[in-house]
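Take a look at the structures below.
Two complexes, one shared chain (chain A), two partners (chain B, chain C).
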Partner chain A sequence: MTLDPTLILEVIINGVLLGGILALAAIGLSLVLGVTGVLNIMHGQFLVLAGTLSYLIHLALKLNPIILFIIIPPLFFLIGISLERSLIRPLVSRTQSTPLLPSILVTFGLALIVQDVLTFAVGDVAKGIPTHFPPLKFQGLQLPMPKLLSLFSVLTATLSLWFFLVHTSTGNAARAIIQDREGAMLCGIDIPRISMLIFGIGAALAGLAGVYYSIIYTVQASMGITLTMIALILIALGGVGNILGTLVSGIIVGVTHTVVELLLGAAWSLPVVLLLFIAALLARPRGVLSE
Partner chain B sequence: MNRPSVKCSQLILPVILVLLLSSIGYAGSPYIKSLIFVLLMYVALAQAWDLVGGYLGYLNLGFSFFIGAGGYMFALLHKNHLGVLGALSLAGALAAILAGLLSFLLFRLNRAYFALATLGLVLFTESITNNLAIITGGQEGLPIEPIPGSTFYAYYGALSLAVLGTYVKFKVRNSTLGLAALSIKDDEEAAASLGVNPFKYKAQLFVVSGFFAGLMGGLLAIFSSYVHPEVFFGPRITLLPVVMALLGGSGTIYGPVLGATTVILLDEVLLNMTPYFHLALLGSILVVVGLFMPKGLLGRPGSLRRILGIPHGTA
Partner chain C sequence: MGRREFYVAVPLALSLGFLLGVVIHPFLVSTTLPGLQTPLKPPVEIRIGATVSLTGPFAGDVGVFDKIMHSFADLVNRRGGIFIKELGQRVPIKFIIYDDASDTVTAIKFYEKLITEDKVHLLLGPFSSKLTLAVGPVVEKHGVPIIWTAAQAPAVYRQGWKYAVGVLDERPTAWGEPYFVNVLAPLVEKGDIKTIALIHDDTPHSLSVNEGAKILSERIGLKVVFEEKIPFGHTDFSGILAKLRRIKPDIIHFKADSPPSGVAFVRQLKEVNLSPKALYFAEPVPGVLEPLGRDADYLVGATYTVLGVFQGPFGDLSFLAELAKTANVELERWPWFGIYYPAMQAAISALEASDSLKPDDILRALKNLHIMTISGPLRFDEARGFAGTLRPLTVQIFNGKYLVIAPPEFAKASYVHPFKPWDARG
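Right, the complex of A and B next:
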């Protein structure tokens, strides 16, 4: 195979874009894990649900896909908040010190319910929104326009999230809880309120990633749990609550995924990424929460 | 050490049950036989899962890795003209060896990440099995040449494993291994500081659990006369043993039996109504157990325990 510059550029753009989108979802999962101590296996299902919803809305109303970015994340913010209020909060308060293991059980159960109901409602087939943008021509290279735009907006979203965490009082409170839960409580930080907010933000981020996914790739009912695992790889590599670290590890995973797909075929990118997941866990045997 | 002995009266019900099940295997209709086979298979699997899940408190979400390893091993060996019993024992042995090797990697992780790593492992194995079509038949699966008396082998094999699994659960509970496991479940660091070697006991239970799963995988391959990634690594067979053990009462001796019976009956009723929502049923049980009854049906003192007449500390 000759190294065609267009091909290399495409692999890089595709890999970085995939990584950026995965990082968005992973940051949501990581904030929830850090602040509430709950490992939300449902997280990938949020993404699939958002993608499917985007597809259905687009199919029904034929709206410009950009409007989806305005509708879906707030909707998932609300879904996240209500899930936290109804199921997660009682679970956390019952299992005071160790919600991690029971939360895996409960959210895994929820993920199965959503997957099954979704399969029943729309079938377990790949769904994507077709877009028609002319490719950008630059010095003889053809660059896919929607991907470039998405790349730009994904990076913007990640940066604004970073700004929120570092430069707002709510963001600082969330980081304080991640660092030292009891200390944060002693400082008068309202942990239940921040937990609810962060759960909402986490779901909204998964929703946002889901919109991107439905536009650039396809979503499928049965891929939710795998997506959660991919998000966990990024957290394991990047560190809980570490936005830039998660973005960088997202780009590593995204490029790996794209390169394997190119060299060995699409069927092999999943096992390689899963192997990476197991390796990432083994590399941090005390769990991703340890620094 | 207090080793409770088994009273004769406690054996009456199990013996009657086993005799009844044996005669069904001889005289039952094909429908009843296959339903009971599935039930017995899941009793055996839930018991084996619970050796690690209930006694050690390590949630193995990739249990079907061993079932599938056993099933595929059996199919490949039988394809190469090895006898049924030879292929079956090698299937069990392979699963036990894999469990032994994996315990070195997996037990370096804490409980939460053990659960995730095992889930990742089975998803990984399923996709590899799908991809390596030359060896495994890929998504087409691998047919097994007809074995004379296959239902007989599978039915009584499953019955023996279900009884043996329950017996092992009982035996282990009242042994040094069981007490060590209990102390590891309660507080691993404290147990280690008092001279219990956590890794040794965790690995032992993991190997026994894997061995049972491998044998059962071989029997399932005999019963269904083909192996397929979805059947042997899919979400159903991965999750059912977990759901059953947790629902019945993880860490109790009869909990997995009760859980398996409940789930199989519910599943069968649901199947008569609709082909959908079977995963959702399992999911709902996980949510309900996780939120409202962390100790399962048998774990609530004074509820089912009293109705069934099982005294405390024995079940």
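Right, the complex of A and C next:
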């Protein structure tokens, strides 16, 4: 089969779309890690929980999936801040200077509990919402609408977060915490309040990604920790707390994945992505967009 | 180490630790001392052990089968249990089942436990050839008879394991023969279809089914215009679909052991509005059909479960209806019930035919078994490594229901051709 330019363009666009959904799942985790110093292993399980909840709501009420985008993220924002207040904040207050390792252990344990409860309640079977979005046809290309929507969402989320971080006082405070936690504290920044807010935003983004996953792919109780691991790869590639870096790394991974699938075959996609990851880390250990 | 480097290093270390754990774990779990089986005393129950994939990717294939096995034991015991010659009396049976999480390491751990701690008399195999190939050496080492329930890859029967028999016909063409010969061949003769694209994952079973599809395509005159192997669990098919849209095969033949792969493939076909004349989806299990909903209509695939045609021990419709009620499982919805249940029927029959409960006697009884099961006559063929005789039927899916379309002697519906294009559906 000849590799005509339209084919290559279509595959690259599909890679960008894949990168969008990968980044959407990772951005919230990156933000939380950067601001709070907490590595929330539960993040992937939030996504699974949101996807499962979307599926159950859709099954029970036959709602248009678009409505789920309005319901689920705010709900997960509330879940996120509740989790921060009840579990993360007491933990951080006891381990002020080193919250990372305890947070990994606690959120890992929580992720396993949620996974088991979810398995018990609804089974560990793939769940997804059947949808009827026609593809977007353009210049001989056919592009999947749910993935286009997810790219739009991740771009909107990235821009909103950028605006929030750069042009609001709370966002500036969050950036100050990312840059120098102790310095921010000495300047009187209310770190617990900012952390709670950021945790809520992170969970809301995971919720949004969960709705997309249940529409584009499927969600399953046991896949949460794997999703967190994939997100961590993107964060390592993009730089901790670097929202734009996470988006760029998602797109790099997505495009590499689809182009390798086209040129060498699907079996080579993951090995090449991982090789690229190692090479990028060796060249730029602080992330692809680091200064 | 700076704060940022620390944040990069920790996730990496965690990922590495996770991988190392997966590699090291089997060595830790296999440290249980072998050969500790005590001589069998008259038991209060016959213990049959198995793992079932209640979680993980295979849960969508067999996730309720533990309930079926426990309910089966309850019903058999309510009828007095099974007759054991050596004891001259009926004895209750008990299933001891663990969740292998669709994972080879976990499966190995639990088969060790079933043999060395639970001291089972007989084992049933795990789901998939992949898990079977992993647990085979463990079972063979301890010398406990096992019936492979869901192992169709020929590689399983080439291992020379003495203590194992399997219920399935392992020949690569067994899977797709009714579809290719009875459904596709007439369409090829009419000139309606000419080309086929083959996509499969890299599990032993998928490799075998794909090999069979190539042989059968050649036999009926179909040209293979595309073939691609995907990793297990692959969920993004953008590159493959872009190529398929240009090649435009008449038939797409898809075989993946992981239900999430299957769901993603069909959804993405729909997303790019790619409609072949026929879509063969080898494993139309509940874990695929439920997320797809009406998008699964027109798919063609395989099932072993057709109730009411054959019977065998505990295989009459009234018993099966009681089983379905007790387990609270709709049996017809599970294509692999039609292989697990014959394995259970074979287990009961072998235990009743055995001179004693010693492993070698049970094994001898198993190897000499020739019984009727709910999925047809079953025997274990020594010339084929004690593989079995059960073959799947071809079904077409409409509204979540399986309609048998081939082979003709079992067909309950006609094949609806061609596949209705996505953009023509409501």
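The criterion applied here is as follows: the second predicted complex is superposed on the first by the 243 of 291 C-alpha atoms of A that agree within 3 Å, B and C clash if a C-alpha of one lies under 4 Å from a C-alpha of the other, contacts with A are read in each partner's own complex, and residues count from 1 in each chain.
Methods note: contacts are C-beta pairs under 8 Å (C-beta built on N, C-alpha and C of every residue); 3 or more make two chains touch, one makes a residue touch a chain.
Model, not experiment: these values are computed from the prediction.
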{"item": "Which partner, chain B or chain C, touches more chain A residues", "value": "C"}
{"item": "Chain B versus chain C as contact partner of A:A267, first or second or both or neither", "value": "both"}
{"item": "Partner chain(s) touched by A:T168 [first = chain B, second = chain C, both, neither]", "value": "neither"}
{"item": "Which superposed partner A:L87 touches (first chain B, second chain C, both, neither)", "value": "first"}
{"item": "Partner chain in contact with A:L112 - chain B first, chain C second, else both or neither", "value": "first"}
{"item": "Which of chain B and chain C A:T156 touches, first, second, both or neither", "value": "neither"}
{"item": "Touched partner set for A:L232, first chain B, second chain C, both or neither", "value": "both"}
{"item": "Touched partner set for A:F120, first chain B, second chain C, both or neither", "value": "first"}
{"item": "First, second, both or neither for A:N64, with chain B first and chain C second", "value": "neither"}
{"item": "Contacts of A:L100 with chain B and chain C, given as first, second, both or neither", "value": "both"}
{"item": "Doubly contacted chain A residues - partners chain C and chain B", "value": "39, 100-101, 104, 119, 229, 232, 267, 270, 281, 285-287"}
{"item": "Chain C-facing residues of chain A, complex", "value": "1, 4, 7, 10-11, 14-15, 17-18, 33, 39, 100-101, 104, 119, 123-130, 133-135, 142-147, 216-218, 220-223, 229, 232-233, 235-236, 239-240, 257-262, 265-267, 269-270, 281, 285-287"}
{"item": "Residue numbers on chain B that touch chain A, as the complex places them", "value": "59, 61, 105, 108-113, 115-117, 119-121, 123-124, 127-128, 130-131, 235, 239, 246, 276-280, 282-291, 294"}
{"item": "Parts of chain C lying in touch with chain A, wherever the complex brings them together", "value": "4-8, 10-12, 14-15, 18, 54-57, 59-60, 63, 101, 202, 228-231, 234-240, 242-243, 245-247, 259-260, 263-264, 267-268, 271-273, 286-288, 290-295, 423"}
{"item": "Chain B contact footprint on chain A (complex, rising order)", "value": "39, 87, 90-91, 100-106, 108-113, 115-117, 119-120, 225-226, 229, 232, 267-268, 270-271, 274-275, 277-278, 281-282, 284-288"}
